[in-house]
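There are two complexes below, and they share subunit A, which is joined by subunit B in the first and by subunit C in the second.
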Partner chain A sequence: MLPAFALIRPRSLSEALSAISDDDVPYSGGTELLLAMRAGLQRPRALVDLKAVPELRRIALLDGGAEGTELRIGATTTHDELARDAVVRDSFPMLARVAAGVGNARVRAQGTVGGNLCFAEPRSDLVPALAALDASVVLIGPGGSRRVPVAEFILGMYWTVREPDELMVEVRVPVRPVRAHYVNLRITERPSVGVAIRVDADGRCRLVIGSVGEQPLVLDYDGIHEVDPDAVSAAVEPVPDLTGAEDYKRHLVAVMIRRAMAELETGKKQ
Partner chain B sequence: MTSTDTAADGVASFPAAGERACTIQTTVNGVRVERALDPRMTLVEFLREDLELTGTKVSCGLQVCGVCTVLVDDQPVSSCTYLAADVDGRAVRTVEGLAREGALNGLQRSFAEEFALQCGFCTPGFLMMATALLERDPDPTEETIREYLDGNFCRCTGYQPIVAAVRRAAARKAGEAGGEPS
Partner chain C sequence: MSGTRETAGRSVQRPDFMAKLTGAAQYTVDIGMPGMAHAKILRSDRAHARIVSIDRTAALDAPGVVGVITAADLGGLFPRFGHIVPDHSILAEEKVRYYGEPVAIVVAQSAWAAADALELVRVTYADLPDVLDVAAALAPHAPLVHEHTYGGTADESFRVLTGAEQERASSNLAHEVVLEWGDPDAALAGAATVHTTSVTFPMLYAYAMEPYNAVASYTGDLHVISTAQHPFMVRDDLARVFGLPLSKVRVTSPFVGGGYGSKSYTKVEPLAAIASWAVGRPVKLVLDVEESIYTTRVDSAEVTMTTGVDSSGRILARVADMVMDSGAYADNSPLVLAKAVNRCFGPYRVPNLRVRGRSVYTNTSPASSYRGFGAPQGNLAGETNLDQIAERIGMDPKEIRLRNVVGPGEELLPGKRGLDADLAADLEMLVDSLRGARSEDPHTGIGFGMSVSDAGAFPVSTAQVRVHVDGSVTALSGSTEMGQGSRSVLGQIVAEELGVEHSRVTVLQSDTGTTPYERTTGASRTTVLVGLAIQRACADARAKLREMAAELLGTPIEAITDVAGGVRTDEGKELGFADIVRGWFGSNAGEVTGVGLVRRDGVTQKMPPFWEVGVSGVEVRVDVETGVVDVEQLVTVADVGFAINPAAVEAQDLGAATQGLGAALFEELVYDGAQLANANVVDYRVPRMSDVPRRIDLMLAERGDGIGPYGAKGSGEGALNPIGAATLAAVARAVGRWPDRLPLTPERVWRLSCEVAPSQPAHTAPDYDGSTADAISDGTQT
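Then we have the complex of A and B:
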């Protein structure tokens, strides 16, 4: 049985904002939070159910502005909705593929993009994929809203820059002509290592190593030829767990970087 | 609805105090259900203990094994880790809803014909996952079936007959649509 809690169901963003606090926590799919509560790791006074807040559940292209054209992904968008969205599939095929592979089909139907980011379980496919695409999150709180790059949003295991009185509204992904790819090694519901790579039209390149350390490792290069898989393998700080010891994960990182680069170049699964 | 505290600003709030603090309205296999329940009750507890629909089983309790799969608004969910309060206003389908007037549906018959079950404990979950798959993709490839069902565990069959059963169910449905006998 879960520990006792109250259930609050706001119908708008402002209602949701006034309902959350240190002990009254945002709740949507429950794929992370309910498990943590059952394990006794979290004991909130109330779950603030965000599923009926329309502002949080939409996917749309936003034109103009200083940031250029961006894809907005509402925080309570499920992985399945992201994977099946026509705009996402068309303009961000890597992101659609990543969302289609999260956990299992039930987790994808229940779990949300915002939940995955805010819970900050380090073994996430979405975090390195979004960081590689230079995505940001929009947080709103009593003092107004702020925008934080995904790469800076995650501070550590289960730890983000979000304050308890802030809500994640959406993720914004810039629309740019890039080539991007993601590979992972997954022997349980969560990846042991994930590698995302993005190459811009001018050849500049970003590499993100996810799931291995407490937070994703983000590396920017002037060109893909500068990527040295063995150097990155030496730079990561692996957290050993049941899916592998530190030296094994270092080995995997180099293998998966080479695989990601080869698949990006050839378009074929290695 | 007396136990539902609706504040002046219209936010529905269910207090933690009291065993049956929250009232829900839902349909389960097409039947309208209204119940007062504890907010922390999971969907599978509601189905098995309140409604006595014991077809849905529980195994891992971690959303990993798929045994407890039911459909909520046509989406597969792990009912072991899904609040019963969250089916308020939504439609639930369980394995009990598949057969019509005691006659197994095409998917269930396909499972029997392909020997896609042995002990049967995982079968309700596989049937509901396969139902969700066939509703979104009526003619799935073997690869699609394997991908979609990869979050469901069976420790008896070795999976091959389950994949074959889903293929058979898809073909049977296509045959029925084409007017051929199933």
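Then we have the complex of A and C:
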């Protein structure tokens, strides 16, 4: 049962920033936070509802989307909004597909990009997809703002570099001509394994393995031919759970890397 | 067959359709009573422990708290319930027997205040050694979950059915059933092929969308509104707790959000009732999903089945041993066990048989009824074993079934009703559909199976129909509408019998204070038994209306015959029901009540009232790299005699089969020590819309061979029963190796395919060595 709490509804970023503290925590879709509160794992004094903060809820291409610029995704953008956005669908189709495949309809309608990243539940589709695209997170706190690459933002299970007095404002994704693909295996509601791959125009490539370990595994290569699925599978540190033991998850990593690479080449689902 | 009928045989729209669609339907959670307080349950946080003390002073001082109730407060009441074995403490007395067991009730002005105060109740426990699974519970000198037995079962007919009652608690055996005929050992010794199969059926949760809830008001009389599937059975348990006459206990079931067996018998009603009794106000108790999972789960089972066949594939003997993990309290598990025992060997001629079943107490959440009632557990072993034998002797799995299946009219259990179905014809329909659509993919496989269940339970049912002064009709039944659509079907029978429009019939159900007695809503019985009671009530009303018409018209009763919605005289004069009621009472007032009674007599003399048929099959596709199983096709045959509402029958079959696929592929409660690791909807994976098979073929087989209205038999559970074995066989055929447990999760299927070298033939189990019946029980009885 949900314990009692105060609800604070700031109307601007500065109001929101001054409202948050150790006990007064940011709240967006509540899809993680409210479950954690129901289970008695968290008992904040107040929830600071970010949904009415205009600076946090927008998707836009900076400078008209020229190469070298960035896409910015406000922290309170829901998975549904991301999946449906015309710019995202057009220029970052992998991201749109990933968002459309998250969890279930309720989670997509309420859950946000910021909540997904800040909660740092390891079984995330967004984290490997964004890390593969070399995205960064913009944080703002009393001491000003800072940028952290997504790959470095997540420190472990439910653990990020964000300080309790900081807010995540947005995610920034560089605009570059890349080919990218994401595949996952979902056995229960959340993914058990996710593999994102990005190949640049010059052939260099990045592989990110998500959901299997406590943190995403990010690997950069000079060319896709250098990717050795079995070596990566040996390198991951799987967390066993009800969907599989360590050896099964290791095996899945190799299978999903092969599928991601094949689908990237052929454009067809394997 | 439906040609001569007006309403029966048509897929009428459910009368509660709009109420449910718009959210207007009132469920227990929506109900309030004036002055109502709210209860929360303090639950045990360990599996087995003595309660040393309970300190409630801090909780009683907390804001809004009205009372804190423990077992010590129940002086003067009978503190337990249980319709077969009254072993179930309402609140733990002296010790707790499972994690999640209710220890105290906190009643407060609001549910929040009650929840906050829960943390202030201090329970001091002294841990006891626990038995968390069947092996531990049956080990020599195992700690006992119950030190003593409980005399006096509530219900004579259950005593007959189960033969329950032990002298003293010397082990954790809750109940044992042995069924035997012929000389199975000799027959196996002389068989051409003998084959043994051991399988595990998982621990499940039925996952009705609505958890268990109750609102109770004790004022000397007791009124409980709850999610009960069998309100009359709950009434009986509550009357015993408070020592009240049945007339002073009223149990009402409003809209119920699914049951699947999990809401049969008493659950949270005694908790709400004693809370109201203790604080002198109405009390509402609402459980969440996790609490509901800890309230009732499904019996898991380990079953070993041995069959001997002759060289032509005829069954000579079957020997089975079954052990069920029934958790901390017996609840309905003794009956589930008894049914599993007589359902495990299938609808086949078995000249020599021995089945031994044991239901075992463990320090886990209590198990009880589940859709299919023992058949899913037993059928998995029986049908898998038959498929494996067919493979060993090189026979088509359809052929081996056709050689052994019991024919129409033939006796399956000695002294019981002969089979009222044509299973061979059903099987041909099923296999034609499955094989007709076969794909070429090497990683696909088909599997199918059959079951029959002695359904209907004990045939006691009563119903009333009230013909109103405007000729419209209200029918009253104590059977519960839980989503299965009985409100439509019972209304259709009334409309058919009286010749009135279905839209002018209202069916009111499930209030022990106002609707007539119904024993249970289970065992797929409503259409047949309540249907018969309704038919008889209509006939009774018609007889009264004919007499009234004769009196009104001054004609002899013999001159009056029934027509749709009224009567006709020899001379062709017609009177509608409205004319008769108005004329006889002499004013625009009055009504005529017909009463229908069903007992073990006439068509319902022979047990069971009918055999419920399950004939189902699937085609699966296995992704051998990941182990993911997709169901390409589902086929079911509804051998229901006559489908009073064909759409409802099809929906029941699709729902039952899909629920079966849940257990076959995804669902399993997993204990991690004393606690469940997945007592929530995110980690306990039930089928999603996207898991529904790609192609679905739901067939009706209507041969008018049931005793119910218009030749109907029951449905709702049958299609589930063979799904486990069918899926298991389909996966085995796709990967080349037989699994030995459900659910077939991706990880398990991957491991299975890893064990198969590319050219290796499919694995078969070792031969029968004469000792399998005892394989699970090694050294367990001391």
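Worth pointing out:
The definition used in the following text is that the second predicted complex is superposed on the first by the 266 of 270 C-alpha atoms of A that agree within 3 Å, B and C clash if a C-alpha of one lies under 4 Å from a C-alpha of the other, contacts with A are read in each partner's own complex, and residues count from 1 in each chain.
Following the convention adopted for this analysis, a contact is a pair of C-beta atoms (placed from the backbone, for glycine too) under 8 Å apart; a residue touches a chain by one contact, two chains touch by 3 or more.
Bear in mind that the values here come from a model prediction, so they are computed numbers and not experimental data.
When both complexes are overlaid on chain A, the residue A:Ala19 reaches subunit B alone and has no touch with subunit C. By the touch criterion defined above, A:Arg106 lies against subunit B but remains apart from subunit C after alignment on the C-alpha atoms of chain A. In the superposed model, A:Leu242 makes contact with subunit C only, not with subunit B.
Once chain A of one complex is fitted onto chain A of the other, the partner contacts of A:Pro3 extend to both subunit B and subunit C.
Here subunit B and subunit C are compared by how many residues of subunit A each touches, and B touches more. When the shared chain is aligned, subunit B comes close enough to touch A:Arg11, but subunit C does not. Once the two complexes are laid over each other on the shared chain, residue contacts for A:Glu189 go to subunit B and to subunit C alike. Looking at the shared chain after the overlay, A:Val171 reaches neither subunit B nor subunit C. In the superposition on chain A, contact is made by A:Asp49 with subunit B only, not with subunit C.
Judged by the document's definition of touching, subunit A residues 1, 3-4, 104, 189 lie at the interface with subunit B and also at the interface with subunit C. Chain contact summary for the complex, subunit A toward subunit B: residues 1-11, 15, 19, 30-31, 34-35, 38, 45-47, 49, 51, 80, 103-107, 109-110, 189. Residues of subunit A that touch subunit C in their complex: 1, 3-4, 104, 185, 187-190, 242-245, 248, 251-252, 255. Those residues of subunit B that touch subunit A in the complex are listed here as 9-17, 21-22, 39-40, 42, 61-64, 66, 69, 75-78, 81-83, 85-86, 129, 132-133, 148, 150-152.
Residues of subunit C touching subunit A in their complex: 40, 111-112, 115-116, 288, 625-628, 670, 677-678, 682-683, 685, 688, 745-747, 750-751.
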